[in-house]
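Below you'll find the structure I mean.
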Amino acid sequence: MGLGEGTHNWERYRERVESTGDGLPAIAWIGHHPAACMGALTRVPIDVDEYSVIGGALAEPLRLAPSETWGEKFLVPADAEIVIEGIIPPKERGRHGLRADYARYYSPETLRPVMEVQAITHRRDAIYHDIHLGGRDQDHLGGIPLEGSLYRAVKQAVPTVKNVHLPSSGCSRFHAYVQIKKTAAGQGREAIVAALGVDRRVKHVVVVDEDINIFDDAEVLWAVATRSRWDRDLVVIPNMITTTRDPTAYAGSPGDLSYHAYTVAKGGIDATMPAPPEPFEIRIKVPDEVMSKIQLRDYVGNDLVSKIPLDA
Amino acid sequence: MGLGEGTHNWERYRERVESTGDGLPAIAWIGHHPAACMGALTRVPIDVDEYSVIGGALAEPLRLAPSETWGEKFLVPADAEIVIEGIIPPKERGRHGLRADYARYYSPETLRPVMEVQAITHRRDAIYHDIHLGGRDQDHLGGIPLEGSLYRAVKQAVPTVKNVHLPSSGCSRFHAYVQIKKTAAGQGREAIVAALGVDRRVKHVVVVDEDINIFDDAEVLWAVATRSRWDRDLVVIPNMITTTRDPTAYAGSPGDLSYHAYTVAKGGIDATMPAPPEPFEIRIKVPDEVMSKIQLRDYVGNDLVSKIPLDA
Amino acid sequence: MGLGEGTHNWERYRERVESTGDGLPAIAWIGHHPAACMGALTRVPIDVDEYSVIGGALAEPLRLAPSETWGEKFLVPADAEIVIEGIIPPKERGRHGLRADYARYYSPETLRPVMEVQAITHRRDAIYHDIHLGGRDQDHLGGIPLEGSLYRAVKQAVPTVKNVHLPSSGCSRFHAYVQIKKTAAGQGREAIVAALGVDRRVKHVVVVDEDINIFDDAEVLWAVATRSRWDRDLVVIPNMITTTRDPTAYAGSPGDLSYHAYTVAKGGIDATMPAPPEPFEIRIKVPDEVMSKIQLRDYVGNDLVSKIPLDA
Amino acid sequence: MGLGEGTHNWERYRERVESTGDGLPAIAWIGHHPAACMGALTRVPIDVDEYSVIGGALAEPLRLAPSETWGEKFLVPADAEIVIEGIIPPKERGRHGLRADYARYYSPETLRPVMEVQAITHRRDAIYHDIHLGGRDQDHLGGIPLEGSLYRAVKQAVPTVKNVHLPSSGCSRFHAYVQIKKTAAGQGREAIVAALGVDRRVKHVVVVDEDINIFDDAEVLWAVATRSRWDRDLVVIPNMITTTRDPTAYAGSPGDLSYHAYTVAKGGIDATMPAPPEPFEIRIKVPDEVMSKIQLRDYVGNDLVSKIPLDA
Amino acid sequence: MGLGEGTHNWERYRERVESTGDGLPAIAWIGHHPAACMGALTRVPIDVDEYSVIGGALAEPLRLAPSETWGEKFLVPADAEIVIEGIIPPKERGRHGLRADYARYYSPETLRPVMEVQAITHRRDAIYHDIHLGGRDQDHLGGIPLEGSLYRAVKQAVPTVKNVHLPSSGCSRFHAYVQIKKTAAGQGREAIVAALGVDRRVKHVVVVDEDINIFDDAEVLWAVATRSRWDRDLVVIPNMITTTRDPTAYAGSPGDLSYHAYTVAKGGIDATMPAPPEPFEIRIKVPDEVMSKIQLRDYVGNDLVSKIPLDA
Amino acid sequence: MGLGEGTHNWERYRERVESTGDGLPAIAWIGHHPAACMGALTRVPIDVDEYSVIGGALAEPLRLAPSETWGEKFLVPADAEIVIEGIIPPKERGRHGLRADYARYYSPETLRPVMEVQAITHRRDAIYHDIHLGGRDQDHLGGIPLEGSLYRAVKQAVPTVKNVHLPSSGCSRFHAYVQIKKTAAGQGREAIVAALGVDRRVKHVVVVDEDINIFDDAEVLWAVATRSRWDRDLVVIPNMITTTRDPTAYAGSPGDLSYHAYTVAKGGIDATMPAPPEPFEIRIKVPDEVMSKIQLRDYVGNDLVSKIPLDA
């Protein structure tokens, strides 16, 4: 069983176990209450109890049970559908084959640590919970915890940040949309720099004003069209660290199949208007009282009304 | 009656009339067969007969009638709902007020030539045909003729171009999506340069591969996320000519209310994969025979099937 | 009495009080235990009790007393040398004259809110504690809390950060030296971006390896000389927010004497060696056993030994 | 017999013939009326009858005769000095050796398709018409059709273009001089972008005003000296497609001897003055009536007059 | 009488005289042996005797005579056609009107010091020697001394420099052509930097190999076409000091009519081939023994031979 | 015995001897009067008598004696501690091993010419004079002659240069500090360009005003902090020639152990204030009469006064 990069504190665990020479006891569990799964995606420092974090997401303590292999010394989630127990031996590596991932490409084969399975337990009629790798549920699950970190980082640099979003069009990792209430020149740039420092997977940041709906790609693109000038509003920083999942990344050591740092150029577009009191053109808005007076049935027959798609 | 920038050969006509000192006879017509309206949007050289072009769009000759003011010397569309006839005096200017336009902002007031109306004729119960300025019908109507020019220009530079699109997210003018079958390095860049030379309103060009649906912003954004590196794949050219409608443009002469050239930085993103035989990661595709075996009703009750939105 | 930019939550307080129209009760205290002064320099969110933070720095609760003006409703530090109580009226502004500040220039005059003094209390033989504005004690006092924020921000981006320093040569604000144990390509760049997002006053960041003493300007400069190549290792980001204290900054609105955002270009130099296993030249080190064998008195007379300055 | 890149629709023909597997019947003809040779250099779409284009250049239909090999099924020019008939077999390649070409370098050897000659016919005392490869006649012959395309492309972007020229100093391909009557800011930049999109061989574009003689390198260089500022008036676009003839080009696949795309940086210099009404210094011009009054013979003896070269 | 910028040590003299408050005795002389005029154009430090320098150019001592005004205390050239003697009063300024200069534009009016004329002496039938301002004799006279400085500066940076030239196409000041025998990578760049530091009037530098004739613009342009890639071989340095004669320069203080520093972007193109042993394509050369065998009279009638212009 | 790059005219001598095929007679001398050693470090053209230059540094002629090997035909310094005489054979190369050098790294092994030793002579009890390679005495010895060249070059470009320094923090070669009295815009940039053209080892130039002490890194860094904006005041020129001692340099031919040109990016920071009359903030200076009134003993007990370090 190959272990992916996503095992969040893996590198820290690996250093520990490789320095002792003993294998690392580990479990994998599959299927649980959705809140438990979400909680497990949170990236925490290695000394934080992940079971407590999952309990926080569940809003009640995670029920635990002794493991088959190590008993009370290693507790496992009692309500998981399936639990796999095993040992990760130091230094041993196995091929982690071509596989689908969130960037929607088949990732190239890598050499990864392996787990020697000791026991598998499961509930009766256990559900094998899986997600569509490279599909939108993988986007959303991965993006939600990252949006939290992103919001906190931008908030520190631009206190008037309103919202952040990692759109599915960027696999909920590569593009970040940041919405701010702009009160001073330079805040768009500050938000870009703050957002690029959050996580190696955030590659492009677009900052917009508070009238732009950041959950709609088309609105963000319209802000880019009419509020950015690329000789002035574009930031490009080459050679930043990225994920192995970015197919345009440079490998740290080309041809090496083990886990290394990858680098890529990152960038941002400041698509905000100038801060007041600098002038800018006013966005068109048909007043609500005008819109409410226009009734489609005044113009076309009743039978057609329901068939005409209305444009937002 | 103020005359907009959109009167396509206006500048050429203006030069002629201002050099003679006589007023320029002109007509405006409102409402006709939709194909006639589309045909009238085509930009043609000044020596091409616009009535013939409209006839081409109608697939039959445009029916004409003598004008009220000049008789046989100036024919007008016989089937127009309303025809306004008048004289545009040289050098006179009037205020062309704050108004909605395709960029979805209220354009600032400008000084424009005026027309002294001589006669208005109309059909019985004439329909005053208007479009929602700053709404999607204005986008589409303006974008269609421009897409033709764009396709021809890119075709000359990159013969394997597949399609072009001016998405509504860029008001069908500012963003251009270009889809090519890439056969050689450098074609993405060539397509950007060719597209930026087509029309002053095209501001940003994104070039993608033939597997990307250019009618879906999210697919184009995904290509930008996973196939572009901005230290290498970005073109920015400052000081190009743009339209007065771009609110980020520099005026030729700030504060001048007359018609002048405006400049802005334009740019492009090459979001194509390397041309074969250079390797790139393979896009995930669940084989059709696998997809066809998965029936939602095998997993949930029949009553739920119709209520679950299916994600593409 | 004019109030400076440094009153950390001032902008938030100002918004509150200007929206109500009432004056803002406020106190200024001068002179206390040095730990209390340091604690007061910590920038905290507006809803954190600053007296508790000062108590934390003192390692015991700050002793408080009723104010002369508002009694128990507004407590003041009981052990301050001098306490000035007053009201800050909304919207009123006074000239805040040419004065020395940490950048070591006389700041230009600005218009600032004023305080109407209600009462001044002081200890017997009160010491008026002041710092040498524009001298090194101002550097150090301001830099210490900022170094903490800087360390935390870089730690998140580059977990192997070793140390940070805001050298006096940059007024303990403008230059930041960051020392990392480099384990992967791109970490120098990550550290720069993280550090530039921390505080508007950090203008230039230099990242060095762990063998470089970041408390010695000359060692950092040597790393810049022999480990950086500016076509590759330099980051420049224009139009970021800075402090009014930077004499090269652009004012948000030139000529405006009130408080506004200022912008400037910020930058960083990555002066780290490539991460292993990439090769680099080895730094010269005379082995300790060799150095210990060389005794100056073996070469010159004893009377000269103490007069020869030894070069590190 | 090796076939060069210059066979204009060759790539399209090659695709056809390689997909069928049959050899491609082909002829080469050498020597004809100069207008026929010029006509044959015109690049036309594959579905245009090239014999008609040649007829256009000749101003009368090209006289044709049945070929020796295929009779009426493949007509050949009746008045050519020499006609070579043959078959180009699919996939076979032969060495196309070191040879002189228009860039004035010996091109490196490449692998090219070959022709199996079936028949050679010629007029009595046939003239073997050749051009000096790498000399000025090759420059001019290749440049004339390209100037036409260039003019059309720039005309579309800048309607006030006056003239274009491909100077012999750039082998009539690499440098393009564009002369415009400038009426608005940004037109120089527009002309550069339009000209760079025309043909892969155009590498550097210089845009000048209408007072500059674009057939004189020295005048164009004077405009560059006194009307361009390279922080503002220079465009550089890396990674555009170029010809294999540019010795600075990057090969698509280095070391590959077959035909591939090559890329290079292209650029332009806008050496135009600001458009009116922006001011600029006035060019010196000695009035004609002054010049006409100065007679050299008034100053020197008659015998010297004819020996003094007069400087323009 | 207005005094131009070209009075070489003028600024130093001006400082002296303005600090004392006395007027500066000065002479202007017009017409002499050409070598004396050339010698007078040499720029020397203020403490070098200019009469000796002129003597050096004449290859014999300059004959001197007492001045009319100051007698033996101020000697004047005895063989000058005309000598004007006067006093330049401190601080007084007069309008130095629109006039032709070497950049071939009418320079805008400036405020310049004036001279109060005391005496004018002249030879019998004195020749008023003038040059065609803005014509080629002004180019050459000004360029020759500058070429010497340029050669020395480049020689120090690139010892294998072969020649330098300031072509008339750049008014013998703005463009510098530098010919080197390239023996190592980077020498083209070194030559550019060295040449840009020589004189404020050198604006653009082109470096070529020793096979390029730098006295022929077309050869230099051919090297730019086929040996430079502008993403790699172009240097642009903004904000360098230039002459008031460059019409694209920024004035130090816009609108100020007195003498100030002007700045402009300067640049260079490295149009050299890679240094051996790096490969590059070989330039075409028809062997001399082949050329000598081709006799035009073997191909055309004798009467035509003399009428056919031969292309170099 | 391997011969280093530092033998200043070595390359010129090598060319001569390799063209004749004979070995090159040569001597190395170790230990002399310090002024003789300094004089020997001066880089002079090959046709200047180096013994005279050393005599200049000594302020008296260098005493010479016949060599052991060649007698009167090759004189050697009579007062040198040790003289090694030998022949450098053409084309022979030996390994010049890993060794300490001024950049403070162990330089990689190279192939260098060798000397076949013929004779060694020495004074009685000769002192083997050596310097600490990579230590500060090597810095200073190498830097002093270079500072002279630097001053002369900058003086030519900016006559108001005040001083130059090659700080030990840049190994007295890589960083150059230039102090100017700024009288016009652009002079900082001019000084950078002039300084970068002086010597291949000068990599980074910082230009400061005359109030900055260029012998104190911290003052120079303060000027960078508060007087430079890197979007405007930074110069970066890639691909300039550098020394093999710069560990970040690109080798001309990677992997080649012989002596070749190396290239690197060089740069400069203009940290000067705007030239008068442009305004800038005034540097803080406590007036001397105020400082003199403050006596530490008025504030603390006499016994403490000597223990408190005073901050400059």
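To keep things simple, chains are lettered A, B, C, D, E and F as they appear, and every chain counts its residues starting from 1.
One rule holds for everything that comes next: a contact is a pair of C-beta atoms (placed from the backbone, for glycine too) under 8 Å apart; a residue touches a chain by one contact, two chains touch by 3 or more.
These numbers were taken from a predicted model, which means no experiment stands behind them.
Participant: In the chain contact graph, what is the shortest path length, in steps, from subunit B to subunit E?
Facilitator: Steps on the shortest route: 2.
Participant: Give me the chains shared as neighbours by subunit B and subunit C.
Facilitator: Under the touch definition, subunit B and subunit C have A as mutual neighbours.
Participant: Which chain's centre, taken as the mean of its Cα atoms, is farthest from the centre of subunit C?
Facilitator: For subunit C, the chain whose C-alpha mean is farthest off is D.
Participant: Report back the single chain whose CA centre is most distant from the CA centre of subunit A.
Facilitator: Taking each chain's C-alpha mean as its centre, the farthest from subunit A is E.
Participant: Once you find the CA centre of subunit A and the CA centre of subunit E, what distance in Å lies between them?
Facilitator: Distance between chain centres, rounded to whole Å: 63 Å.
Participant: For subunit A and subunit D, let me know how many angstrom lie between their CA-based centres, rounded off.
Facilitator: For subunit A versus subunit D, the centre distance works out to 53 Å.
Participant: Whole-Å distance, subunit A centre to subunit C centre, using C-alpha means?
Facilitator: The separation of the two C-alpha centroids amounts to 34 Å.
Participant: In subunit F, what residues contact two or more other chains?
Facilitator: Counting only residues that touch two or more other chains, subunit F contributes 232, 238.
Participant: Among line, ring, star, complete and other, which one matches the pattern of chain touches?
Facilitator: ring
Participant: Since the chains close into one ring, what order do they take if you set off from subunit E toward subunit F?
Facilitator: Starting from subunit E with subunit F next, the chains run E, F, C, A, B, D.
Participant: Inside the complex, what are the residues of subunit D that reach subunit E?
Facilitator: The contact residues of subunit D facing subunit E are 100, 103-108, 133-137, 167-171, 174-175, 203-204, 217-219, 221-222, 224-232, 234, 236, 238, 246-248, 264-267, 280-284, 311.
Participant: Taking the complex as given, what residues does subunit D use to touch subunit B?
Facilitator: So the residues of subunit D in touch with subunit B come to 153, 156-157, 183-187, 189-190, 193-194, 196-198, 200, 232, 235, 237-242, 250, 252-253, 260-263, 275, 277-278.
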